[in-house]
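Next come the structures, one after another.
In the two complexes that follow, chain A is the common piece, with chain B as its partner first and chain C second.
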Partner chain A sequence: MTVENLTALLISVPFIQAFIVLFLNRNARRQMNQFFSVCNLSIAGYTFYLFHSTKINSIIVGGWSDVLGISLGVNHLSSSLILLTAVIFGSCNFYQYTLDKTLSKKNSENKNSSFWAVIYILWASLNALFLSRDIFNIYITLELVTLSAVALIAFKKDAKAISASIRYLFLALVGSLFYLFGVALLYYKFGILNIDLISTTIDLGGQPDIITYYAFTLMIVGLCIKTAAFPFHFWLPPAHANASTIVSAILSAIVVKASFYLIYILIGTLFIDTISTPFKYFIGLIGSISIIWGGLMAIAQNELKKIAAYSTVSQLGYLFLFAPLLIGQSDIPYKVEAIVLLQIWSHALLKTAFFLALGNVILISGKKTLEAITSKRVRTHGKKSIMAIGIIGIGLIGLPPSAGFLVKWYLLSESMTYLLWPFIIPIILGSVLAAIYIFKILEKTITQDTIAEDTNNKTSDIHSLCQWIPLGLATLSILVGVFSSFMIQFGELS
Partner chain B sequence: MIQLIEYLTNSVLFSNSFYLLMVIISSALTGSVVFFISDKYEKTRITLNLFGALIKFLFLVIIVTGLYRLETYEIDWELAKGLQFILRADSLAMLFAILSSVLWLVTTVYAIGYFKKENGENNQHLQRFFGFFSLCITSSIGISFAGNLFTFLIFYECLTLSTYPLVTHSGTQKAIQAGRKYLALTLSGGLVLLIGTIFLAVLTGGTYFDQGKNMAHILKSTENQLPFKILFWVLICGVGVKTALVPFHPWLPTAMVAPAPVSALLHAVAVVKAGAFGIIRIIYDVFGVEIYAKTLNLSAPLVLWASITIIYGSLKALQQTNIKKRLAYSTVSQLSYITLGVAMAGPITSIGGLIHLVHQGLMKITLFFCAGVLQKEEKINEIKELNGIGKIMPWTMICFTIGALGMIGVPPVAGFVSKWFLATGALEAEYSYVIWVLIGSSILNAMYFLPLCYRIWFLPLKSSKTYESNNRQKHKILNNPWLYSPAIITALLSLLTGIFASHEMSPLSWSIFILTEFYFL
Partner chain C sequence: MTTLDGPTIFKVTSILMIVLGLFGFFIRPHFIQTIININIMAQGIFLFFIATSKSTSLAVNSSVINPTPHAMVLTGIVVAVCSTAFSLYLARILYELKNKTSLAEDKIQKHGKIKNRSQEDVL
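Let's look at the complex of A and B:
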């Protein structure tokens, strides 16, 4: 099977699954869900393997001509992200499966067939987004991702979740419109939509003109809104904190990364010459403020999932620091690629693990606040989740040997090499702030004063596998750091 | 399948790098397994812990004999491009590794005795305790075998993390506060070290322990020495936190809330020695003696810094009324002997510094074992409660006295040997004021240790005769050999290393062997 066929499968299979899952009853659905994720995981894994063993940089699917057609392509970054998506969705899916084993029907938060259909649509559209190589296609997949993400939050069906999802919807739509304006301008200017073609045309034209600048600015602003960069970050914490556990995990881990991925490829391939040095600094500045603000707000929170959500804002900020490192470069250096790739992987695994572990703690104790950690039931039943939070802390703070440490190492060493001294401060400060909010949680696991159970709150026993999943994911994120040479080598190729 | 097994046995198993790896893995693995063994299976846990400690020691012995046969032990793993994870067993590494593993073995025995079930104390979370205890020693061993500063940094940070749950073990408000202070200081220290390491990598293109060869090359071609001077102080501040140089020392006295086995390990090997070892590595292996002392002239300020810490620590120790606190400030002071010896950068002073790494470990761990026994068995925390305690627990108190005399520098206990080399070396290195620092601190040492010995042996016990004889029975060594014997072993070791200092297997001879490499090759 060629990579070309596989890319087609990557998009079509989850869509078909979304359709099938609508017609299944609860039990059949639970079994089939596992089968589906194994299917998707193996397709993604095989794509990744095949792509890297053949070492082709980009593939055009479907035999359409470049100018008119829908162009899909795989590069090493997208193949890696597709695999990551599959890992995250697969583990969330499995988590929900084990959770349902122990929770009664009433408790299991209305995970009906339409919920699962939306999950698969989200999966398919994420795959499509990572594969798309033309800017209008990207717009469509981006909209699909946003709408299905909004729907998933609203499935929780409580007032907070619904208001959060509506706020998310409005902002995401504004972001999409900005992006669409940019696309329209580029189409007006060049008459084509294919990223690679536009890129060559811009290169041929010498100095980019004003329309390209406007288009670029509009697209980047739109995507920054969706990636929750600093001034536009406020939609993220309520949306991610109020969704149900696996939805929070998926949104924080992969959905926000999708729009960042677009920022990255747009800047890296399309606008590498258009973007001016001050603008690169500006993106770096946005990232820096996100790191610090997200960290500070995470410390101020008392609700467990809010801490995790603000930590996402902070960790996303590190991604934006790739822009200043491009100053004076006409191509993306492999170290920058390594930073982005490692940070995306590390944060995705860590944040999934974090939300799942917090979900366990909340279920076990019946409380949503920091107090939950001190409850006696968590002490006795939730040990593995606490352990997972400890390992997650290592990654989020960026201590060795996690992948987060390597990200910080590369960021700092590159900043020092290119004399970008101002950016050292947020990188270090981000670690300090992360240490504070992580140890604010971990401290509670050690303290002597425990709280007795509140009989009014509903607490539930959960299957021990539920606790192994976050622990496993957290360990995986450490392993990504240890074996990162494997990942980065591929970054070197392109 | 058979080929795979053959491949494993031929190349990986029983190769030199396998032994090196096993030294680290033996405790890491037991540590991670112990986390999942609940209190119900206490015996299994104890066996596993001891087994891990013994295996580790065994593999170290194999490596030492290998080193005598001039074999090399090295693991080189490329973590990411330009980032080498290197483990290497050189002679300096072995000094620290053997010290760590021997004292870990002894402390494990002690901890088992300390947390025995019949004492009606809060003995929860023992699986957590022993798990992190093992991880803590894994990091220490990792620090000793680290073959470049990057690897050193990795284990240095692991050490910080794995000791935090040990410091806060009791979970009281006081312990939590101490934990905060500990983390705030050591994590910032770690970050400073991270910045320094990256700075080093950016300046010289790597973080190798090449005794400054690469750096000398760069320094020849440039006039600007300032970045290298800044680099040195950044690195020293990074490791200075753990080795408790004033003003980075406050975590050490507050960390006293930890249970006695932790304090013992913390003060003798694990944390503080990681810092001291870092200073040794930075001066000898990163910068090299030549650049450190001659090209950049960094010696004088560091000597002054260490001297100030020695005197300050001793003065503070004198003010304490709590036994463990007094010992803690004494550690602050004693640690800087190591820094002092290495900082003066003469061959003889360096011998003094290096052997004090071992000697201070042996003596301080003895003192803490005894303090732990006092706290555990007699609920004695304050110095004034020590009166006549020698009558009810003579063996433990003899060990305490040996440790205390060693700290003062009375021959033939090990401490004397260190001070002898430091003093004669100081003259040779032309730091005459250091002699006065040493004399002053010895007087101060005597002032804060001798009154304790006086109270223990010469003042009458306040309680009645029956109490005395009952307790004497109770504290017979055989009643809880786990608890009482470790102090005796370490006290004996600190006597023996002093008496047989010139034997070819002694820490002294080993240090001389190490230093010939740095000074005369």
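Let's look at the complex of A and C:
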């Protein structure tokens, strides 16, 4: 088995699973879902292993020449992100499996066969997006990711979720069209679509011209809309807070990172010479405002899932701080890539754990607001979920053993080395704000008396495994920090 | 732009369509209008692909038109049709659930309810 065959399997296997799952009944589907996850997880893991042992990276589908054919490639970042996608989808899948064990049929009725089909289509399109090395093919995968993500939110058929999904869909469509116009301009200029070929052509051409600048600006603006960078962040909190638990977890953990990954490879490989120093500062500024604004809004929220959603906006801001570190560099230093990779891993694991733990608390108490924490049932049945939120706090604030600490420490030390003083304030302030919104949740467990039990029947008992999954993911994110030297070394080697 | 030949006219038209679609997207809140505006923008981009297909020709003889942009436009049209159908479906569900035809806040909605109704009937 070579990397070439594996790239084909990574895309085609989840698509085939999406069609199989449509024809299964409820019990068969629950068993097969676990089997499918293990399948995809092992393919992703083997790709990661094989890439790091052989370092073959790019193939052209169908044996065409590299000017006409669609090229797929594995690099250090994408192999790691494919593995992360598989870990997140696998754990969400398993969470839903254990949840279905205890919940009545009525509660899980909206997780029907088409829901699972869309989950697998999203998985396949994310894999395809991480593998694509062709700017038009990236547009197609971007649209697939958007449409399936919006469909997953809309599966919860209440008015709030539907209006959130419509707002997300409209903005994401306009974002994609901005990107597509950028593709049109680049094709007009260069006549090729392959990222690596365009990047060498730009290098050879010397000073990039005005069309390249326009294409660059349009593509970055379009992708910023999809990544929820500061002025365009307003669609994210309602969309992520109103979806069902595992959908929120998947969207916050992976889907927003997919469009960020594109910003990163566009700036890092395609436009590394086009992008000017003020623009790098500007992207850093957008990230800084996102960090502070997301943190402030998270503190102001009363709904549990809204807090987690605004925390996503804040944590995504840290990713954008990679751009100012590239000032004066003609190539991405491995250290910057390690920072981006660590932040993506740590945030994805933490946010999945956060949404699953909050989902547990909401199910146990039957309430969606901060009051849920003070409910007596959470104190007796939901201890492990509260403990998971505590560990997640360590990661989000950035206390020493976690990966979040390493990211912030690297960002601070690099900013000081390159004399980027303005970016030090948001990095520290983001941690302080994260501490405030995490302790706003945690202090309710200690200080306030339990409120009288409601007699509504919304509360439900959940399987104890449901509580172990967020706890396990939160611990895993701490372990990523402990063993991060391993990941950074990978970056150094490649 | 010294001579006003075919490709130039189409290029200018496509840029105009993109700008008009974007402008309409921001000022028109009604779902149907938003969806149509997004489509106008998409069609503008497709027109740009077609208008520039002659100058991106890879062949030595420049009278041969490059077919790759046409293939991309075909793919783009399929994506546009799918996303239009999907957004129409979502808009319809929201109309059935909440009687809403735009994402505007409920306050404004109360005043414009009857007006929206009649618009919906016409459409």
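Heads up, the rule we're going with is that the second predicted complex is superposed on the first by the 481 of 494 C-alpha atoms of A that agree within 3 Å, B and C clash if a C-alpha of one lies under 4 Å from a C-alpha of the other, contacts with A are read in each partner's own complex, and residues count from 1 in each chain.
Criterion: a contact is a pair of C-beta atoms (placed from the backbone, for glycine too) under 8 Å apart; a residue touches a chain by one contact, two chains touch by 3 or more.
These numbers were taken from a predicted model, which means no experiment stands behind them.
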(message) Just to be sure I read the superposition right, which of the two partners does A:136 touch: chain B = first, chain C = second, or both, or neither?
(response) second
(message) If we overlay the two complexes on their shared chain A, which of chain B and chain C does A:169 touch? Say first, second, both or neither.
(response) second
(request) Have a look at where A:416 lands relative to chain B and chain C in the superposition and call it first, second, both or neither. (result) first
(message) Looking at A:428 after the superposition, I want to know if it touches chain B, chain C, both of them or none. Which is it: first, second, both, neither?
(response) first
(request) Scan A:86 for contacts with chain B and chain C and give back first, second, both or neither. (result) neither
(request) Could you look at A:348 and tell me whether it touches chain B, chain C, both or neither (first, second, both, neither)? (result) neither
(message) Is A:202 touching anything from chain B or chain C once the two structures are fitted on A? First, second, both or neither.
(response) neither
(message) Applying the document's contact rule, which stretches of chain B touch chain A when the two form their complex?
(response) 35, 78-81, 83, 122, 153-154, 157-158, 161, 164-165, 168-173, 175-176, 179-180, 183, 187-188, 190-191, 194-195, 198-199, 201-202
(message) Per the contact definition, I'd like the list of chain A residues that touch chain B in the complex.
(response) 334-335, 338, 387, 394, 397, 399-401, 405-406, 408-410, 412-413, 416-417, 424, 428, 431-432, 435, 439, 443, 446-449, 481-482, 484-485, 488-489, 492
(message) Using the touch definition from the top, list the residues of chain A that touch chain C in their complex.
(response) 67-68, 136, 139-140, 143, 147, 150-151, 154, 157-159, 162-163, 165-167, 169-170, 173-174, 177, 180-181, 184, 187-188, 191
(message) Could you list, by residue number, the parts of chain C that touch chain A in their complex?
(response) 18, 22, 25, 31, 34, 38, 41-42, 45, 48-49, 52, 55-56, 58, 66, 68-69, 72, 75-76, 79, 82-83, 86-87, 90-91, 93-94, 97-98, 100, 103
